[in-house]
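One chain, subunit A, links the two complexes that follow: it is found with subunit B in the first and with subunit C in the second.
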Partner chain A sequence: MICDILVIGAGPAGLTAALHAASAGAKTAILAKGIGTTHWAAGWVDILGYWPPGSPQPVRDPRAAVGALASALPGHPYARAGLRALDEALLAFQRAATAEGIPYAGSLDRNLLATTPSGSRRPTCLVPHAMLEGTRVAAGRTLIVGIGGLRDFYGAYIAANLRAQGCEADRAIVEVPAIRARNPQTTATLAAMLEDRPVRDELIRAVIPVARGFDRIGFPAVLGMNRHREVVDEVGKALGSAVFEIPTLPPSVPGIRLFEALRRRLAALGVRVIIGSEVVQRFAEGNRLLGIGSEAAARTQRQTAGAFILATGGILGGGIVAGADGAVREAALGLPVHAPVARGAWFSPQALAHQGHPIFQSGVLVNERMQPVGPRGDVAFRNVYAAGAVLAGADEWREKSHEGVALATGYRAAQAATERTRPAAQADAEASR
Partner chain B sequence: MQRLETDVLVIGGGSTGTGVARDAAMRGFRTVLVEKRDLTHGTTGRYHGLLHSGGRYVVKDPESAKECIAENRILRRIMPHSIEDTGGLFVITPWDDPAYGDQFRAACAACGVPCEEMPVAAALHLEPRLNPKIQRAFALPDGAADSFLATHANAESARAYGAEIRIYHEVTALLLRDGVVWGARIRDLVRDEEIEVEAAVIVNAAGAWAGRIARLAGCEVNVIPAKGVMVAMNHRLVNTVLNRCKLPADGDILVPIRTVCVIGTTDHKVPDPERYGIEPWEVTLLLEEGEKLVPGLAGARVLRAWAGVRPLYSEQATSDTRDVSRTYALLDHESRDAMRGFVTITGGKWTTYRQMAEVTLDAICRKLGVERPCRTHLEALPEPQEGKYYTLGAPLADIESAHHTAELLCECELVTQDRVERAVDAGAVTLDDVRRDVRLGMGPCQGGFCTYRAAGLLQERRKPDVRETNLALLDFLQERWKGLQAILWGAQLHQARLDELIYLGIMNADHLETGGRKSPLTDFYFQEDSGPPESQRAPAGRDPA
Partner chain C sequence: MTDVELSLDACIKCNICVSYCPPAKVTDLFPGPKYAGPQAQRFRSPRGPSPDASVDYCSGCRVCNLVCPAGVRIAELNAKARARMYRDRGGVPLRNRLLGRSELLGRLAHPVAPLANYLLHNPISRWLADAWLGIDRRAPLPRFSLHTFPGPVRSKWSPASNPRRRVVYFHGCATRYYEPWIGRAAVAVLERNGMEVVIPPQNCCSLPMLSNGEFDAARRYYDGNLRTLAPLAEAGCEIVGTSTSCTLTLKEEAPDLLEADSDAGRLVAASTSDICEYLVRLHEAGALDTAFRPLELSVLYHAPCQLNAHRVGHPAADLMRLIPGLTVIESEHPCCGIAGTYGLKKEKYAIGMAVGQPLFDRVQQSGARLSVCDSETCRWQIVHGTGLPSVHPIEILAWSYGLGEPLAIRKG
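Moving on, here comes the complex of A and B:
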């Protein structure tokens, strides 16, 4: 395979990078070991939820807070990518998601408070439309509906925590024989089942008697997979009140919908997405990466490109691997990694410590063009860029910044990669043939 | 203040304490057992799960070996459901002294421990992952035991005979008058109430904490808290208990237990049974030693590291804890310290808990001038499937036949919703209590998925102030974290970050409302993490190869 830009990784950063590279006219492909964090995370777009670390109050204005963070922490991925990249990436994301049928609500000027599966209200920047009503639970009466047999969602816990935060909330568990009989083991299976009209109707009939008098009804995020909009509309119409979804334990149905939407978008732009192929080799000439070898079914395949965007994720995604010997490495290309020196310094004694565990902030350092650099600022490969959780310096689950970092750095990396003029990229690609 | 009167008051809810309570109740004594946390919270819930054949002690501590084989036979009869009949192999690796083999076989014969030499090829056929370079192999009747299940069965049996078992009841004072210990003042930690218990005899079965209890009566009991570190691997790499055939040392036992296997142990004196850490070098040492038994073990995924504190008893302080006998001691404080109505049963090991109880009750009968023979070895413990050993596939078969799959709350350990509900309804105070009852969160994801489910269920069933449920969830995450830090790298580190995605990313657990509540019932073991490492000592001079 030969292309202008090869993106390694299919998480939110890789998808974003490929989207912008392809939109800019570059012949783009994605090669990934597996699917990224979309299938686990809640399906929101976080920009910055809490800042500074340990702050009990959520960030109200993410744009201002990201600005403050970027000046306080010049090594943070947001500081590298810049606020403008974040702004543009976010708008482009909203356009793409809307075009693919899962519009996202919200803006960079104000965080929303989404309802979580623990019932805590959590700052995030954009939510899918089907979660918007869940950001309004402070007013009116809310009913949380649990579904019998679904073990990844606890309405009583959610409602109790909402009440503890001053919201008026109650819950009900509905028994739906058609669901019990088919015994769905995951939320993804249940979401697909609810696209069957008889199952859906049975759920609606079970909810109607308990739904009276509530301003909004919250469901686990299982209201349809591919025909999600149709399912939400129908359930809302039948119940005569606003309906919203609350994320569940993984797998994340809203995350899968998002992934599928972006993949459709990429397909429309002619981007080839290869999943299930791991980078095992690199071919370089001086400080130019010519190609990579990836593991295929029977043999190693060589992929060449003019430029490469590394979006393989951090410890969670497998882009950064930490060994028993204390060595921390970048898995795909063997780039220099910024990490705590000794294993003894990897962790804090408290699991949920606000300062986090230093090992989870290890990753690749980049310059303003998102090119990985060594400790002295020297560029590793002049045609390699990095984006997302593989970058050092962010703790996205404490900051609540995961998708924002992916979008901003993915966008910026694609921009930098395509700034190499197209003929030059082509020449590079040809030279490596 | 509540007042109770009883014949026998047992202090400690581990294997020994529950064993004593059962024996006392079966002999017709009114019995009360108090445990300051949950049953099995101490050493019983922190050991590797080996049912000793005695082989480990035949050369160095023949007394212990004889006790082990005698009890091994009894336990197989009275509690097969808590035992997996794995059998054991003692193997001589290139790192061990080949001359020990003949000495070992002779000592087994002298102690009455069945021991059969097996051709190396047969041993390798039985355990294909065993180091092919072993020189000799001996088969012995070791087994794997579930100490949680066994302790609960003992408690249940004791209750059936009328005993009262009170958890989260801490002894704050022993009540003394004219050389008699006539009772104890006890704090109910859940209700925050004081209780005074008057008893004809008080049995100190507090394990590693026995020295502290004895001190409340002014008696000095030298219990050496000896820390043993264990590491659980993600797979059941072997199906037979593997022992190095040599004098006991660190990291020379590998026990297959449930779906995992545990390599253990180390042995180091610690100043305080509640304050100790697990150090990276200890884990490294165990993995390196394990590698000698099963090449490749060190490269497998490590699930967790933890430590138990053995209650080794010695009348004289000693520095090397391996030299302290594993046999037990019954201390009659009347003859020893002129303090009547008070005995301490200490030392020993899980395999001999029943005999320790028997000896204790025999002494109590003599003291009280009654003749009531022991029957604990004759009557089987209550169990769901009578007379059958536990087998690896049994829980799965159970779930399959009961069509319970939809309600699996903990997939790793095959824990169903109704079992968690029963534990919650039975009064589990923390999610860690639920874990000890049903093994929740003990598998590969270490609570990643089931912590939320169990908290949700707790809220469903009990409808407490939700801030208590939030605290229960946070405490359990912390409790699991405690055993992870020493072994987090590679795949398990990746898993830990997924747990962060779930609890910080999806749940916002770091901002859950706890109303400033603290964790009075769970902070007990948390303090051990905050202290500096007890030593920086490297493991030196252990490896003859």
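Moving on, here comes the complex of A and C:
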């Protein structure tokens, strides 16, 4: 495989980086050890949910809050990438998602409050269209529908929590014989089943008697996989009320839809996405990375490229690994890592401490071109860029900034990397003329 | 415990594997990789009986291994559990023994190929094989070729020649008994690139036996190959193959599943490549003849699951993209459903066809005149599912070098 830019990692940051690199005309490929966090996450795009740290009030205006955060924390990935990258990345994301049939609602000017599987209302910036109605539960009457046989979706709990927040909500559980008979093992199986018209009609028939008098009906997020729009439209039309999805435990069907949509987009741009290849080695000459080695059958597979974008995730994604000896490493390229020194300093004394746990902020430091740097600001490799949760300085889970950081830094890294490779590609083109 | 077994502890129960497993998507007879693999493994002990027979519905396609974010070796756990289960439950069925013996079948049938083809392919015997053996009467069985590959043994190798220009060709059973033209195309392409091709005596790679739960027989075949291949590898020769499953078996499957760690095995594994993988390496070293003649057509390329398990990318697609005029559309679909011999079995035929259906649809909707795939059983399944011809990428390369049109195209 011959490419200008090799992206390592297929989570939101890697997919975004590859999308922009390829759109800018670079021959791009993705190599990933496995599937990333898309399949665990809700399928929303969080930008900034809570700020300043410890604030009990959700952020209303993420654009302003990200601006404030960037001036307060110059080492934060948002400060490195810049607000403009975030803006442009979001627009490009919405364009790509719409083109692939899963439009996202929302904008950087105002956070939405989406309904979670525990019935809380959580700030997020963009939600798939099919979750928009779930941001409006404060007005009107909401029914949460569980499906008999689907594990770990607790309609009564969701409804009770919504009521505790002053929303009018009730719940029902419906029995669908075709679903009971199959006892689907995962939400993904159920989503595929509901693309079969007879199964879908059975579900609709079961919901009609309980749906009367409600303004909106919330379902677990299993309303179709590839033909999601069709399923949502038909269920909504048949019930005569607004329909929305609530995320579930993994695998996350909205996350799978998003991943597959971006993968289709990348395929159309000629980007090869290779899943199942773990990068374990680097080949460098001075401060230039020549290539990487990935784990393959019987040997290490060598892959060269003009530039590399590291998007391997943080502690939870496996991009940053912590050893029993307290040493924290960047797993793929062995880049310098910013981390708490002693093992005893990894965690705060309380599990839910407001300031979070220092270990989750560990990662790779970068300059404003997203190039990894050492403690004194020296560039590690001049053709390597980093994006997403592998970066130091953000606490994505507490800030609720996961996808925003991924999008902004993925976009910025691709921009910087293509600026670098473009002159070379142009020179080649001129030489061949 | 081996690395394969220890990997179960890495499972974070995310269910990603279950949502990608091709059989689990279409049948409830298989609960999916997480449940058959790391979950059930907790209940498998060397002393107790195997807990669950559903693992037999794993096709071994390894899609789960690739998508798992935690590096769990699910497919290998399942293959070992299947072998254990057969042992616990009265041995490997006769049908699996037959399907595992592609080489023996070839040897017996080849001298009487027309008769064997008649006997195997007429509706009555297909019905009998279906009823008595459990080989589905609709399944795509290949036809024996009148001529085997390589024919009269050819070997131009003499100890004096340069081992760097010498390549060992591992043809596998399919090329030998069913599709000798693929072997001829491979030799022609290698020779065109200045290679001296050595074709040593060889036996079945042992994969069909490994996937049908016969580990003891597999070990004998694997050891037989090591005896002839290891000295050649020692002399510095690279080993290439046109069957993605054979090369994967030499590289990884046999040593891992049989727990056969030896110097000879490691040397052979390290020297073995898929033929396109090898040619891409030549290209990267600037040593590939790229004087390809234009082919004005569009093909749909399906990277078989067996190739993906090599974790070397899609070298065939990279090579075909060097051919002027040729449009290569990739299938972006993980599996055709046949998975070696899985889709031939009566109880699994419908599962295999359901797994392959989206791929068949994609081939037909792509507008391509033919499909290209590196694995023989996949080609037979894709032809069965689409009615369109399917060729090996090496045939496309040979064609573009002007070394002969693929047989499937000549036949129209």
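Please note the rule applied: the second predicted complex is superposed on the first by the 421 of 433 C-alpha atoms of A that agree within 3 Å, B and C clash if a C-alpha of one lies under 4 Å from a C-alpha of the other, contacts with A are read in each partner's own complex, and residues count from 1 in each chain.
Here, contacts are C-beta pairs under 8 Å (C-beta built on N, C-alpha and C of every residue); 3 or more make two chains touch, one makes a residue touch a chain.
Bear in mind that the values here come from a model prediction, so they are computed numbers and not experimental data.
Colleague: Please determine, from the superposition on subunit A, whether subunit B and subunit C clash or fit.
Modeller: fit
Colleague: According to the contact criterion defined above, which of subunit B and subunit C contacts more residues of subunit A?
Modeller: B
Colleague: Kindly classify A:151 by the partners it touches after superposition: subunit B alone (first), subunit C alone (second), both, or neither?
Modeller: A:151 contacts subunit B only, not subunit C.
Colleague: Put simply, what angle do subunit B and subunit C open at subunit A, by C-alpha centres, to the nearest 10°?
Modeller: 90
Colleague: I'd like to know which partner A:183 touches here: subunit B for first, subunit C for second, both or neither.
Modeller: In the superposition, A:183 touches subunit B and subunit C alike.
Colleague: Check the residue A:295 against both partner chains and state whether it touches subunit B (first), subunit C (second), both, or neither.
Modeller: After superposition on chain A, A:295 lies in contact with subunit C alone.
Colleague: With both complexes overlaid on chain A, does A:318 touch subunit B (first), subunit C (second), both or neither?
Modeller: After superposing on A, A:318 lies in contact with both subunit B and subunit C.
Colleague: Quick one: classify A:256 as touching subunit B (first), subunit C (second), both or neither.
Modeller: Once the two structures are laid over each other on A, A:256 reaches subunit C alone.
Colleague: Have a look at where A:398 lands relative to subunit B and subunit C in the superposition and call it first, second, both or neither.
Modeller: first
Colleague: Determine, under the contact definition given at the top, whether A:165 touches first (subunit B), second (subunit C), both, or neither.
Modeller: A:165 sits against subunit B, while subunit C stays out of touch.
Colleague: Once the structures are superposed on A, label A:40 by its partner contacts, choosing first (subunit B), second (subunit C), both or neither.
Modeller: After superposition on chain A, A:40 lies in contact with both partners, subunit B and subunit C.
Colleague: For A:347 in the superposed arrangement: first (subunit B), second (subunit C), both or neither?
Modeller: Touch partner of A:347: subunit B, not subunit C.
Colleague: Between subunit B and subunit C, report the minimum C-alpha distance in the superposition, expressed in whole angstrom.
Modeller: Value for subunit B versus subunit C, nearest C-alpha atoms: 6 Å.
Colleague: Quick check on my understanding: which residues of subunit A belong to both its subunit B contact set and its subunit C contact set?
Modeller: 40, 183, 185, 250, 318
Colleague: Residues of subunit B touching subunit A in their complex?
Modeller: Interface residues on the subunit B side: 280, 284, 287, 298, 405-409, 417, 449, 452-453, 455-457, 459-460, 463, 466-467, 469-470, 473-474, 477-478, 480-481, 485, 488-490, 493-494, 497-498, 500-513, 529-530.
Colleague: Which residues of subunit C touch subunit A in the complex?
Modeller: Result: residues 14-16, 18-20, 24-25, 28, 31-32, 35, 65-71, 248, 251-252, 269-270, 272, 280, 284, 308-315, 317-318, 330, 332 of subunit C touch subunit A.
Colleague: In the complex, go through subunit A and note every residue touching subunit B.
Modeller: 37, 40-42, 50, 56, 58, 116-122, 149, 151-154, 156-157, 160-161, 163-165, 180, 183-185, 247, 249-250, 252, 314-316, 318, 321-324, 326, 343-344, 346-347, 349-352, 354, 359-360, 396-398, 400, 402
Colleague: Where on subunit A is subunit C touching in the complex?
Modeller: 1-2, 29, 33-36, 39-40, 182-183, 185-186, 188-189, 192, 250-251, 256, 263-264, 267, 272, 274-278, 294-299, 301, 303-304, 317-318
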